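Listed below are the structures to be examined.
After this come two complexes, each holding chain A, first together with chain B and then together with chain C.
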Partner chain A sequence: MAPAETVTVAMVAGALRVSTPFLFVSLGECLTERSGRINLGNEGVLVLGAMVGYATSYQTGNPWLGVVSAALAGALLGAAHGGICSLARVNDVAMGIAIMLAGTGIAFFFGKPYVQPSAPQLPRIPLGFWAIESQVRSALEVSPLFFIGLAAAFAMDWFFRATRMGLRVRIVGDSADAARALGLSIHRVRLLATAAGSALAGIGGSFLSLSYPGSWNEGLSSGQGLMAVALVVFARWNPVHCVIAALIFGASGALGPSLQTIGITKGYYLFYGTPYVVTLLILAVTIRPGKALRGMPGELSIGR
Partner chain B sequence: MTAIAQLGAAAAASPSAAAADRLYPLRRALETLGAPLAALLLAAAAFAVLLAALGKSPADFCALLWKGAFGTWFSWQNTLQRAAPLLLTALCVAVPAQLGLVIIGGEGALALGGLAATVAALPLVGAWTPFVQITMAIAGFAAGGLWIGITGLLRARRGVNETVASLVLSYIGIALFNHLVEGPLRDPASLNKPSTWGIGDANMIGPVPGTELHPGLAVGVIACVLCWVLIFRTSTGFAARVTGGNLRAAQLQGLPVARLIVLACMLGGGFAGLAGMMEVAAVNGRANASLLAGYGYSGILIAFLARHNPLAIIPMAVLLGGVGAAGGLLQRRMDLPDATVVVLQGFIFIAILASETLYGRFAWFQPRGKA
Partner chain C sequence: MLNRRSLLQGATAGGAALALGGALRPRAARAGTLTIGFIYVGPKDDYGYNQAHAEAAAKLKTMPGIKIVEEEKVPETDDVEKTMQSMIELDGATLLFPTSFGYFDPYMLRVAKKYPKIQFRHCGGLWQKDKHPLNTGSYFGYIGMGQYLNGMAAGYASKSKKLGFVAAKPIPQVLLNINSFTLGARAVDPSITTQVIFTGDWSMPVKEAEATNSLADQGVDCVTMHVDGPKVVVQTAAGRSMYVCGYHADQSRLAPQKYLTGAEWDWITVYRMFVTDMQGGSPLPNFVRGGLAEHFVKMSPYGPAVTEAARKHIDAVKAEMMKGGFAVIKGPLRDNKGAAVVAAGTAYPETAIQLESMNYLVEGVVGSIS
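Then we have the complex of A and B:
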């Protein structure tokens, strides 16, 4: 293959693999933020989901049970965040970081015995069956979780646009006063949105340990949970745009390793940082002083 | 929020009634001390239940925790060593917080501060040591200050939210750090752990004579005290607190709000950069991934636990440093994973942050008078 093709194939492969946890965490964060709350604890949820998913898959032999239990563990931790943040005067940014610490701590604490054994992995869909080159074949072996994430993004978009529940989440996120006037329970909506968002983040974590990189150790997450906040800003709180954001952030991470395949080893981390520079530029250019970012939920503490 | 509450309280209590309630300051102090202590006990109780469920003795755990954190001179040194960078990274949050800003980008500022200090020292290896060390400190402070200063500038000039901006800038900073450490500045001899060239043994800041403590702790404590004086005893600090309490009032008073925001961010970021410089100059001797140990994130929590009071940062950092220091002993004696202390720290943080909600809930602590 020509060098350009090699890089493209490696990058597509990398983007498809790396973007899946980004996709789930950013969708979860998007749901939580649309209800007017920020959850930085999704980093802890991601690590906990990875551990619980791996442990369940090892104990039961069924990786899909691992995905489900990772979602449940994430929902529990998210509910803890959501519940405590409903108390008056508790800062959701600081609490998120405390949850992040507690979640990673619990995952490392209970995950110690699972570092060595190898658990059954999720299957992959061989979309590259038509190709002759083995690189293309292995590049297009996509995890079903990627498609589930894709479906979840469109489902969430529909949920916000067309359902009564979605409207409630948006009202609570945009104006607490309007929600109170309508008699909505703000705390309950936010609690459920936080728990559901963290369940999605937990699934993203299970992808890390059950598909790619596909093992459980303490250095598994490279901060995708915190980065999700940047991705959601990049996606302007739109679930479908989260897919694009996840692919771009995933591809930028994959660009370095794929350039390595043709011998370019410089600037690995600079590519990696590029999407963050773009996010910052979006923030700096599109905001007019005194006006919130378009699409940003009005009740979000980071919007004021 | 608090300023409004204070205004309300002041309006409600007439001067004579306030004078009659002489014990109010005492009760208020009791409330500020009692709420976090109650939370600490709750966290400890929850953790004891967890241990008991796993068949480990909570009593043994407490004894070992105390021994590993504060029991001996050796463990005190370990505790204080861990507290040192946290003092400075907590200031990175607490100083801008006076203006109502929530900065969470200390991790990136610390990394860049450490890197800048190393880069500043590299051409000076062999020069007069104090000169090299002072240059390193200035470089570290400037790099951290610049990084968080950008956040402040974006906030003041463009209205960009500082929490998101500082987080994104932190990632950009870490990417830049990794690029330079693993690329142009990498010492080819560092194979397993990519590092920059060393600053040279002669330029390392040695321990305080007779101890193993490096002077980073003293720098942190002095910085905390100076910040307290700046915030509570100068007109600049007063202007900052007015801005944090009520932005509109500050603008109407003609306070230089934009300049205060940028200054506070630069000062806070500078302290985080200084923490990075100290880690390089006193511990690692070179810039590498050891700088990215999460000090920036722990600093955020410590600042919130201290309710952004620089003097309260000192005991909080020592407390959390102590819990971290006991990890090794607990691992050896009780066969617990080393993450045990992280779980305990997480419980403590969650409980104390949640205890914020207790303030003002009990009428007994509130000002009273004959009305």
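Then we have the complex of A and C:
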């Protein structure tokens, strides 16, 4: 393969492999923020989901049960965040950080016995069966969770656009006064949106431990949950744009290792920074000073 | 100065001391018991660097008159000073093993000056007589020799003649391992090259998996690594049907068919020696190094993919190493940019101090340090 082809294949493969956790966490965060709440705790949910998913898969032998229990664990932690934040004078951001630390702490504490064993992994769909090159074949081995994530993104888009429930979430997120006038329970909507959002983030965590890289240890997340929260801003609170953001982020993450394999070895630290540089650039280009971000829910504020 | 964590520990230790008749220091509680503190930078069951130390600590526990206190995931910051202090003040430790590279300077040196009666032995640091306190010291093993043998096993197993090395950071110990692995493979077949990928830090599971995958995409069919927890690399490589050579600890359980052999630490030798000296009241050595012959380093048992011819050749070279004086790095040797780094006639055996400041990749390695 020519070097340019190699890098392209690697970036496509990277996009398909690495993007899934970003996709799930950013979708979850998108749902929560559209209801007018920030949940920085999703980093903790990601780690907890990874641990619970791995442990369940190991104990029961069924990785899909692992995914389900990761979602449940995420929903519980999200509900805790949502519940406490609905009390008076509780700050979303501070509480989110507390949830993040609690999630990672719980996961590390209960995850100790699962660092060593190997748990059954999720199957992969061999979409590259037609290809002759083994690189292409392995690049196109895609986890079913990726497609579930894609489906979830489009379903969420439809949910916001075309359903009564979606409209309620948007009203609560855009104007608490309007919601009160309509007789909606702001607390309940936000609680449910936070719990559901964290359930998605939990699934993202189970992808890390049950598909790629496919093992549980304490350095597994290395900040991916926090980056996904930033991706939501980048995707302008649009679920379908979250897919694009996650794919770009995954692809640029694969750039560092693949450039090293084709012999561009100078400055690999810089290549590892590409995902962040890309995010910064797009934000800088699309932002207009003095104006609120397009698509930003009106109730969203870090001051509360 | 005590922090909150040490106060909490103090509450329990203090309770124990009271129960023993008001002795203020637990050290005085039971004469003859030697309390030893182990400090790890990561989790002690990481299939890697920390596990190798923790396994040795677990073996020490079976010796009579020994009490072990351990703390894992201690960052290479002020935190390690507090951990050392609390082990000394509250647990009564008189011998400390801070095992991570970054603990040495300035943290361990600072605490050592404050507690001249406590013994500190650090893993990997470069202790110098005129610069460092006499109650400190360092120990390390010549694991590069193990990587040379790994390289030979890889050289025999590889069909594509392209090997891979997933490395964390370009520090001298890592570079020596990459170079030794490559030279071992090229001793079997001079046409072999090693592609190295740096991930940038000691534990980056997603990058390590990506690196292993992109090596597989390039046609590399055998990899080894120098990262703290090799589990992800081993599993990913076996999943892409590549052969693997292990590092730090035995990872054969993770890839029984694809695991060739591995370079492992055998720290119990070092620790038992220090402890015996301490119990016997003789002074502890300050600068301890050893290799295969001294049982500081060992090899994993061969996997099923290592052929009879390969085993014979590797065993022969290993026997040569056991005699001492075997040099992996010897002239004439060029780096991978073509410059001569070791002149003809010069040889650096494993004991050569020059190897601990290595700053080049040898010919046959694809990759660069900066």
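Just so it is clear, the second predicted complex is superposed on the first by the 277 of 304 C-alpha atoms of A that agree within 3 Å, B and C clash if a C-alpha of one lies under 4 Å from a C-alpha of the other, contacts with A are read in each partner's own complex, and residues count from 1 in each chain.
As a convention for this text, contacts are C-beta pairs under 8 Å (C-beta built on N, C-alpha and C of every residue); 3 or more make two chains touch, one makes a residue touch a chain.
Because the structure is predicted, anything quoted here is derived from the model rather than measured.
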Chain B versus chain C as contact partner of A:A284, first or second or both or neither: first
Contacts of A:L76 with chain B and chain C, given as first, second, both or neither: neither
In the superposition, chain B vs chain C on chain A residues touched: B
Touched partner set for A:A139, first chain B, second chain C, both or neither: second
First, second, both or neither for A:Y272, with chain B first and chain C second: both
First (chain B), second (chain C), both or neither touched by A:Q224: second
Which superposed partner A:M95 touches (first chain B, second chain C, both, neither): first
Which superposed partner A:L127 touches (first chain B, second chain C, both, neither): neither
Partner chain in contact with A:G14 - chain B first, chain C second, else both or neither: second
Contacts of A:K112 with chain B and chain C, given as first, second, both or neither: both
Chain B and chain C footprints on chain A, overlapping residues: 112, 218, 266-269, 272
Parts of chain C lying in touch with chain A, wherever the complex brings them together: 42-43, 45-47, 73, 195-200, 203-211, 213-218, 229, 231-232, 235-236, 239-240, 254, 366-368, 370
Contact footprint of chain C on chain A as seen in their complex: 6, 9-10, 13-14, 17-18, 112, 115-116, 118, 134-135, 138-139, 208, 212-215, 217-220, 222, 224, 253-254, 256-258, 260-263, 265-269, 272
Residues of chain A defined as touching chain B within the complex: 40, 80, 84, 87-91, 93-95, 97-109, 112, 218, 223, 226-227, 229-230, 233, 266-270, 272-273, 276-277, 279-280, 283-284, 287-291, 302-304
Contact set on chain B toward chain A in their complex: 1, 102, 104, 154, 157-161, 163-165, 167-169, 171-172, 175-176, 178-179, 182-183, 297-298, 300-301, 304, 337-340, 342-347, 349-350, 353-354, 356-357, 359
